[in-house]
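Here come two complexes built around chain A, the first alongside chain B, the second alongside chain C.
Moving on to the complex of A and B:
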């Protein structure tokens, strides 16, 4: 398979996993966040640093990344989970920018804007790496989907639909939300780890706030609580700008991508304002 | 050391007054519109780009300022009519238009990058005459910026607190439905609030374009500082928005003594995060409609 198509497919797989993980937080727990690229970055950088500086294996790095991002997600949700929707969004926005700032400025840790190169490949060949990546991402998407069938998933849906009612049923609302945030952040970190080993290079440029907005746009476009929606949202928002890039070319293409993501947010929300929330309009 | 501190405080007063003006603009839109509009960052950038003068003559500068202010006010009105009025009609929860405003910011930022390029665009050098205030120095342009932004913000606070228009806005902020029952034309009042807020946001933007140039994302950081100011004092204290903005500007500058300049942006956002978490009680209970 052509290297370009392989890279595009791998990116779609990674972003589908990211979309499914944000869906868990926004679609199930009702916590709309714009810091998913920060959790993605925690995973990518943890894996990159552990494998390039300390010679850790891919699995070991991914496990540490998952635990670190899970703990971060849990803390954020515990601290900010009781805020009203829009304030939670603002906290996550600030957290995203702080993370980008740390990655860019803490040069001793992250090598700043130069990024970390020579991250070991997932498996020896590009083809096998792509297969492993797609398989892992697929597993993550279906794990997220399977959660809905567990009591934990039912609790999340109950909380999203009516927090007070869920609390009256004895559900520990802040704890369940924090656990959802932890699982969601852990999944995003795992996707980040895969990304670092696939691209073999990480830099702050890949984890800025526009990436968080892109992931949120994918969730909004794909609709809440569906695995197919996650795949559809990710594929649409990655393939159409790529086609535009091939047609237009040059530096303008990146700006056209940004305009496209913005339009998707505005138009989808205008047409389906209840896309992330229960039908209460 | 003391001269450094004096200089930083003076710089902070200049940037803080601009932040205060933006905070007042943002807060007017929040109170009247009922949700956080990130589009203030786009209005700011549009004002700055439109205000780029061709030459440094006084006439050209005045024309550029008028152009910047008109374009920014018009942009605010267009965003309201094309995007946000629709959400209001459908009674969407505040998070929906807030997310849509993030989409609008992405669109405007990229359109500006395509039209004018993604890099920094500098304006002709103006107002470089330096004045000394104690042991600190200030250019004529920055002094004018501080006085104009401060004056415009105070005027808007006056409009909000002491005029019939302000009373109408406060009525809408408390309950748009009741305001409509009392015969207030809510949508028209919201459009007027957008025009005023756009005008106010354009003033610091025009000075920023002259002082340090224009870049497509130039409104994002000032907006976050402005939101921090509004959150710090709450949405019920118009004079507090301006004062908190000034305080944040000074704090941001003085922080350079402890941190290097490259951490300044991160510091603002960390402060923002801390403000949100610290004021959790107020934010959970909700502020809008409590007047």
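Moving on to the complex of A and C:
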């Protein structure tokens, strides 16, 4: 397989995992978030820094990344829990902007716009790394699916549909929401670790708000079905820009991308307006 | 069973300029069915909101089984054994009737991280709650609709599913806001006998209802409210013969 196809497939695998993890939060818990790229970044930078500066193993770095992002997700949801769901969106937007700012400007930590290079590869050979990456992403999608089928997933849907109803049945609404945010953020961070060790390079450019919106678009395009939907949503939005690049050339396609994502969102939402139900209190 | 199950002491709640509850004190023993009636705006629903933790009283105390509940959150109060049926139908509309009822069973290991990695325990609990939920749906003549999405059911059916959720919680106190509204007459008798069973098990069933006939048939105590105050409290037959009460109800 040539390197280009391998890279595209790996990106699809990583974004499928990201989409599945955001679906847990936005689709199931009804908490629409635009900071998934920030959690993704926490994972990627934690792994990159621990492995390049302190010689940590891939597994160790990924574990720390998972816990750090999980704790961050929990606190954000807990802080935003007192607010209505519209404000949750704003809080996540703020977190995204702050994270991007830190990555760009805290040079001692992140090396700023230069990024961190020479991150060790996942496994010694590129082929094995790709297999490990696809397998881990698959496991993450499976884990998301498992959680959604548990009574936990049903409780999330109940909270999304009607918070008062869920509370009247003894569901600790803020705690369950925070738990969902924690799991979702932890999974995004794990995808970030994979990404750092696969690309062997991280820079703030890969984790800006447009990536958060891209992941949210994948969730909306993918719809309710976590496994097939996440893969479909991620693959569609990653492959079409590549096709466009082949057809109209790089510079033009790069400018068309934003228009294209917007178009996909508008079409999807007008065909299936109930994809993201608003939670009511 | 003797003793007081629910104790409301001098509870007041003000919304802007209106006193929704004005110094309400009520005491409820075990094993009783109590009706609450009164014109719109009498404070009946506010009383239920205050009892179930959705509204916080400005003044007063509420004691459930010896525990002060003012200031506690709705889910904590629910776990103390207090179940609430809302006047407007509230359900998880995207899920099936069966899944809605299963939600109501408390301490589900599949809802907490400690249980996530114990699939066998979760599966066993799931089987148990599913059986119980199906029996409950059957007792309300809903067995054919267990797998229907709640949003697709009729108003009366949704109301019954919501009632099933209430009953599944295995509470001691049931706060039911218009449980008979929208139900077919054939099912009302069944629901009434379920309330009688609850009373026989020692539970307190508090029913807010406009249908005075239904209340007269099943309640053993009737409370009339108006303008946030308790205007009459006693046996239904006596209360309904009271001319002053008639004035309140017709006002």
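The definition used in the following text is that the second predicted complex is superposed on the first by the 275 of 281 C-alpha atoms of A that agree within 3 Å, B and C clash if a C-alpha of one lies under 4 Å from a C-alpha of the other, contacts with A are read in each partner's own complex, and residues count from 1 in each chain.
Rule of thumb we're sticking to: a contact is a pair of C-beta atoms (placed from the backbone, for glycine too) under 8 Å apart; a residue touches a chain by one contact, two chains touch by 3 or more.
Fair warning: this is a prediction, and the values are worked out from it, not measured in the lab.
Superposition note: with chain A as the common reference, chain B and chain C can be accommodated side by side. Between chain B and chain C, the partner in contact with more residues of chain A is B. Once the two complexes are laid over each other on the shared chain, residue contacts for A:82 go to chain B alone; chain C is not touched.
In the superposed pair of complexes, A:270 makes contact with chain B only, with no contact to chain C. Looking at the shared chain after the overlay, A:173 reaches chain C, while chain B stays out of its contact range. Contacts of A:102 after superposition: chain B is touched, whereas chain C is not reached.
Legend: residue contacts after superposition of the two complexes on their common chain; A:259 is shown touching chain B, with no touch to chain C. In the overlay built on the shared chain, the residue A:32 is in contact with chain B alone; chain C does not reach it. The superposed three-chain arrangement places the nearest Cα atoms of chain B and chain C 13 Å from each other. Comparing the two interfaces of chain A, the one with chain B and the one with chain C have residues 277 in common.
Residue ranges of chain B in contact with chain A, taken from their complex: 35-36, 83, 86-87, 90-100, 102-107, 109-111, 113-114, 118, 224, 227, 231, 262-263, 265-266, 269-270, 272-273, 276-277, 280, 283-284, 286.
Residues 32, 34, 79-80, 82-87, 89-91, 93-95, 97-98, 101-102, 104-105, 210, 213, 216-217, 220, 251-252, 255-259, 261-266, 269-270, 273, 276-277, 280-281 of chain A touch chain B in their complex. Here chain C touches chain A in the complex through residues 52, 54, 73-76, 78-79, 83-84, 86, 90-95, 99-100, 102-104, 106, 108, 110-113, 116, 122, 125-126, 162, 165, 169, going by the rule given at the top. Only residues 147, 150-152, 154-155, 157-158, 160-162, 164-173, 176, 179, 277 of chain A touch chain C when the two sit together in their complex.
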